[in-house]
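Next up: the structures, one after another.
Next, two complexes with subunit A in common: one pairs it with subunit B, the other with subunit C.
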Partner chain A sequence: MTLPVDREIDARGSHCPGPLMELIRGSKSLADGQTIAVLSADAGSKKDIPIWVEKAGYKLLAVEEQENGVARFVVQKVARKS
Partner chain B sequence: MNTPMENIVNPVVNDGRVNRMSIILFSGTVDKLLAASIMATGASAMGLEVDVFLTMWGMMAFRKGAYKELNKVSADFAEYGPMLQQKLSGPGAPNWMENLVQAKEIGDVHVYACGMTLEMFGMSKTDLEDIVDDVVGVAGFVERAKEGKVTLFV
Partner chain C sequence: MHTQVAIIGGGVGGTVTANRLIKSLHGERRQTVDITIYETKRMHTYQPGWLYVPFSQFRPMTITRPEVRLLHEGIILKSGTEGTVTSLDTNTKTLVTADGISHRYDYLIFATGARNVPEEVAGYAEGSDHFYSEEAARALRAKLDAFEGGVIVTGVSSIPHRCPPAPLEFTFLLDDMLRKQGLREKTEIHYVYPINRVFPIESVAELAAPILEERGIQVHTFFNVDEIHPEKKLVTSLEGEELSYDLLVLTPPHQGSALAKQSGISDADGWIPTDHHTLRVKGYEDANIFAIGDSTDLPVSKSGAAAHFEGIVVAETIADELRGRAPAHTYEGRVVCFLETGRNQASILWFDYKHPPKPPKPSLFWHLDKTALNRFYWEIIPPAIA
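Let's look at the complex of A and B:
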């Protein structure tokens, strides 16, 4: 099953830490509560992306395993309370 | 038994040091430049401030345009040179300069050139890529590095 999102990023051709960087840049312009998905073939992303999402205070809605070691990370932006 | 990284409990240390990674970039071969750039990018992504101090061959890699032609690999791993050069060429290949530019875009990353090295090679800041923020001395760099939590020599 593939969760629908507000923004989809294909970072399969990108190497560590490329997919994470694309997620960070892609989520910058999102509004609070909006969702973003990033496709990554980089093994490091499986650790890196959840760690970053937690640090950023965002929500990791799903990690969808696909073929050939590709994973789709579905993230929801949560605005920081200041 | 293998321990997954997320199972490691981090001891909490609060000794007043700032969240900064200081990288002394001495090497000018693509393998080490790539490693240093990835560390800088990862640190920047995780919210650390990053200071990169360019000295000797690390600084020479930041001469204007040098990064486009640089393909030297550490001599002690010369046998991997051709393989690495092939992996690092072509569209979508990892690129250390691009990594640093991205690290700067998302975070607080400073690149400093060593004044002594500049002088030794008869160069000035204008000979270096625009990503270089400033020319500093070793004492100034160390003064900042001692406040930070992580220091790397590459």
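Let's look at the complex of A and C:
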């Protein structure tokens, strides 16, 4: 199953830390509560993306495994408590 | 009709490509091929020199030379409005320069480099200094001359940017200078970086992190600059961190060429999708369009070294085709660059697509090698002798 999102980024051609940077850049323009997905074929993303999502206080809704080692990371932007 | 080879950009990559191509063509071929460099600026800049300007270790005047003096005889240089390419038509194989003239090409090489886009970060233009242009490096030197202690925040606003090691090198050289001036005790240095280590390549991050710690430099990883508030002297991250500063020295956001973007051959940030090995622009494989150096989306450091090695591959490929041979050269991701770690020491990063760098322990030897490159760049690199 593929979760529908507000913004989809295909970073399959990009290498570490490319997919993470694409996700960070993409999430800057999202409103709180909106979702974003990034497709990555880089093995390093499996480590880097979840750690960043936690640090930023966002929610990792799913990591969907696809063909050829590609993973789709689905992330929700969460309002920062101040 | 002569074969027209058009090179847009006369920086490291464009200059090496032109010089290598004319050397590889012999006899009759040389008479029937026109190699033209289109370059806005008359002066060629050795950008690595900018790193040293804020510390008064390099005089800006020694960093530039007229491009025309770096080119082998027979290469045509168009500069100023005659050399600024404003549009491109890949169907008719023509480019237009700022003086309104159309030029036909048979081979086209993008060597257009990368550019600073400070406007991508709110508050950057007013709030941050940097050394990614001559003007900025000079302004930073003046601020460091007047600096008497406080908080300095260094690092990177976003990836990718030119010369990945430069922000670390700047931080180490800054620490050195402040110690020499007796100001280190009165200064906090903070290094911020967007990912969860201090450098994109793990082996290099592992070398640099303990040195930062040993020098008392505070590190903030996963710090993605969100906004700079110049009036409050505050920088905030997307991850919710805030840092106050007296002097902020962040590498500016970068993008590829505006021309590539407007011609529709690049991605949204201006980087040109390029085949990793043939260096042909993706989607234009049969149209004889190549891209090299900082302009590409290749997964290698945006470095003069990569631009140089890529330029040689493209020049040899075109020379082979013009001689009716199958191209025999490919780019394997080769990069060689230095990492200055301060205290007259440096390490060297030697890598390609398949082999990550194994940087040696910093030593005087590699620092002297970098110093020699700084001096002899003009004799070694632009002439494309290696």
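A few points about this structure:
Here is the rule we go by: the second predicted complex is superposed on the first by the 82 of 82 C-alpha atoms of A that agree within 3 Å, B and C clash if a C-alpha of one lies under 4 Å from a C-alpha of the other, contacts with A are read in each partner's own complex, and residues count from 1 in each chain.
The rule we apply is simple: a contact is a pair of C-beta atoms (placed from the backbone, for glycine too) under 8 Å apart; a residue touches a chain by one contact, two chains touch by 3 or more.
Bear in mind the structure is a predicted one, so any value in this text is a computation, not a measurement.
Using the contact criterion defined above for the overlaid structures, shared-chain residue A:80 touches subunit C, although it does not reach subunit B. Touch criterion met: A:57 reaches subunit C, while subunit B stays clear of it.
In the superposition on chain A, A:25 makes contact with both subunit B and subunit C. Within the superposed three-chain model, A:14 lies in touch with subunit B and with subunit C [touch as defined at top].
Comparing the two complexes, residues 13-18, 20-21, 24-25, 48, 51-52, 55 of subunit A contact subunit B in one case and subunit C in the other.
Against subunit A, the residues of subunit B that register as touching in their complex are 5-6, 38, 41-42, 45-47, 92-94, 99, 102, 105-106. Touching subunit A in their complex are the following residues of subunit C: 158-160, 194-196, 200, 222, 224, 226, 238-240, 273, 297, 299. By the touch rule above, subunit A contacts subunit C in their complex via residues 13-18, 20-21, 24-25, 27-28, 48, 51-52, 55-57, 80.
Taken in their complex, subunit A has these residues touching subunit B: 13-18, 20-21, 24-25, 47-48, 50-52, 55.
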